[in-house]
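The same subunit A turns up in both complexes below, where it pairs with subunit B and then with subunit C.
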Partner chain A sequence: MAFTAISEINDDIAKITLSGELDASTAPIFKEEVESIAGQDISKLVLLTEDLEYMSSAGLRVLIFSKQKMGADVQLYVVSPQEMVLDTLEKTGFHHSVTIVDEYAAVAR
Partner chain B sequence: MMSDRNLSPELLEQELASLRQEVATLKTEKAAFEVQQKLLENLVDLEHSSAQGEVLQASLQATLDLVTALTDAEKGSLFLLEASGKVVDAILSRAEVTPKQRAKLIGNVLDRGLAGWVCDRREIGLISDTEHDTRWLTLPDQPYTVRSALAVPIQRGEQLLGILTLLHPEPDHFSPELARQIDLTTNRLGLVLENARLYFQLRQYSAALDNELETGRQIQIDFLPDRVYQPPNWELAACFHPAKQVAGDFYDTFPLGNYVGLAIADVCDKGVGAAFFMALMRSLIRVFSGQTQLDGLSIVTGEDRQLLPKLSSQTQALQAVELTNQYVAQNHWKLSMFATMFFGVLDPATGLLTYINGGHEPLFLVNNSGIKQTLNPTGPAVGMMPNMKFGIAQVQFESGDILLGYTDGVTEGKNTDGELFTPQRLRSLLEHPAKSAGELLTRIETKLFDHIDRAIQFDDITMLAVQRL
Partner chain C sequence: MRVIETLTVPGTVDSLSKIAEYVKQVATIAELNHKATYKLRLAVDEIATNIITHGYAEAGLTGEIYLRADLDNSRLTLAIEDTGAIYNPDEKAVLQHEYLSQTLETREAGGLGVHLVLASVDEFRYERAGDRNRNIFIMHRNQ
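Let's turn to the complex of A and B:
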């Protein structure tokens, strides 16, 4: 499945919906979306990953980039990651740097 | 309205002349169409030519020979020009010119004679008799007679890419119609030349790039141990298969006083960027672990000492992971680079391995009955964020035990259907006893490359195996 990253901003929440396979060849698409919302006045960056089937280390690199780019005041959420993506987050210890939730409603609260 | 009967002889003659003109135009167009058709067939043939390196020369030579034959010219030449007007290549029909003569033509600017005239005007130059045309320049050493000459500029857009010249020893050989036909085909020729030029540029560029990458590859291989360190009563084996010429994976084995440093790591991403970080991280681990060891730096606090009474030297060396993390996260945070890394300090005398697994794939300690212990991450990947804490763990080797470390290029090795090799397949290969560390690696390599088969290897593949004999 082709990779897509679609962003939208509502009030102070930026959402990026990721789907397909996030690897070295598709990571630049994701990075571009992150850059497009950097500098906006947001407090939360939410990654909707329900349809994200795979994330390589190159993809994780963009997640770290997001965290750094947004600064300490912006909270990073990963919503309903699939098992393989969650496994990558946990194995590399990045799950400590993001908030992983099952559904988007948990973020909006 | 005028009826046919009323046509005056003058008008009839006019009518006839216009019809003749139309027929001549149609003939020219038909002839031009046929020439184009043949050229096109020629191009299609060339596309199927297998010897890629020869395509440029072959394409031009075939095109020139074809035009020379179609126009019944005696000689033909095709000069390729660069933007400054300098001749970069000269193709001559029927290979009558020696390489020496050809070399002499290259580098000249066509500013004189018929070619100079065509370059200047960007239009067809037709000479029906060289003896009565000032544009013709007879060279003192010209070995053949030329009476008719036709020179056509080959252009793509504004750019003059080349000049096609056709010669004949008799005057009035090339008619204005023929000149028109050739002119109509030069669009096609322009395309051939442009493609040839782009192909040539690409080839040059890619050869230069390949060369640089090859240099990088050689240097990177030099960063890996040129021979795997073998402490007495232990067998260490490793393998390294980069997906591209340079890689982000590395392994390391080196003596640390009475201990042995063991590392396997995977820098995120692939290619040149990953290779730079591989070199950096590998060096930092070596330097920091050696330094803390040699200087006897006491990083372990008194409290920790009580918790881990026997670990001091080994844990000191392991501080290298935290120091490397700090260095990369603080100095290179803009690049968001990181590595998953296992670093262990082995006491070969006792078989005790003290380690940090920084977000790396779990390692397996196996014996004759399969996996006896899994060495899961004890901390995050190295370089992601500053001030990270890395837990230290220990594992005891018994005689015959083999520790297997690998990078995700193994478990995520894809076959042509996109199916991964998977951790399950890897684990199943560890169920049967292995004679040696080397044999275990060969077993996994064989199965893995059988699985990948003809698919493109998309990630670096690295393994390290350590056996207590």
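Let's turn to the complex of A and C:
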């Protein structure tokens, strides 16, 4: 399935909706989207991943890039990851640095 | 043991989706469940990506990636070969607990792929076969 990354900024929250399969061939699309919002004054970066069916370490590297590009003050959220994507985040210890929530409402609070 | 499928593709990132389709096909033939199929695809994808980026592109080389799947009653064995720079994932340091608990701000990005490979398949090994790198992935069936 084709990969898409669509971003949207509301106030100080940037959302990127990811869908499809995120591997080394599609990670540059995600990275570009992160770069496009990196200069903005935001406090939260929220990744909506309900329709993200696959993620390799190429996706994890973009998460590292995001955090390093935006700085420690920007909180990173992953909303509704599918079971195996969550498994990858946990196996690599990313759940220590990224807040994983079931639904977007938990971010906006 | 019988060979069920082979696939040869150019060693470029554009081949990753074809490799993924191939892995899913052989996993279906081997009757692996969804989780095992995902993990095998992830492991193969990580190694194929390393071959493409380190073995070929960064070394200034071009070449093919050769995949072959063998099936017997108890396991699915998938082998990937390439003619790129010698690259032994087994020699990559296994990521230690301290690294995995580091915050993302301070992390180096390397090593995650091999870590996922080792965590995803039942058995993994690397060997040198003539002028080729050979990475072998084994998934146990009937789990």
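By definition in this document, the second predicted complex is superposed on the first by the 109 of 109 C-alpha atoms of A that agree within 3 Å, B and C clash if a C-alpha of one lies under 4 Å from a C-alpha of the other, contacts with A are read in each partner's own complex, and residues count from 1 in each chain.
Please note the rule applied: contacts are C-beta pairs under 8 Å (C-beta built on N, C-alpha and C of every residue); 3 or more make two chains touch, one makes a residue touch a chain.
Since this is a predicted model, take the numbers as computed values, not measurements.
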Subunit A residues touched by each partner, larger count belonging to subunit B or subunit C: C
Partner chain in contact with A:108 - subunit B first, subunit C second, else both or neither: neither
First (subunit B), second (subunit C), both or neither touched by A:24: both
Contacts of A:97 with subunit B and subunit C, given as first, second, both or neither: both
Which of subunit B and subunit C A:58 touches, first, second, both or neither: both
Which of subunit B and subunit C A:6 touches, first, second, both or neither: neither
Partner chain(s) touched by A:72 [first = subunit B, second = subunit C, both, neither]: second
Touching both subunit C and subunit B, counted on subunit A across the two superposed complexes: 23-24, 56-58, 60-61, 64-65, 67-68, 91-94, 96-97
Contact set on subunit A toward subunit B in their complex: 23-24, 27, 56-58, 60-62, 64-65, 67-68, 91-94, 96-97
Residue numbers on subunit C that touch subunit A, as the complex places them: 13-14, 16-17, 20, 35, 38-39, 41-42, 45-46, 49, 52-53, 99-105, 107, 109, 112-113, 115-116, 119
Subunit A residues within the subunit C interface of the complex: 21, 23-25, 54, 56-58, 60-61, 63-65, 67-68, 72, 76, 83-84, 88, 91-94, 96-98
Touch list for subunit B against partner subunit A, complex: 266, 268-271, 333-334, 336-338, 340, 358-361, 377, 379-381, 384-385, 388, 408, 412, 458-459
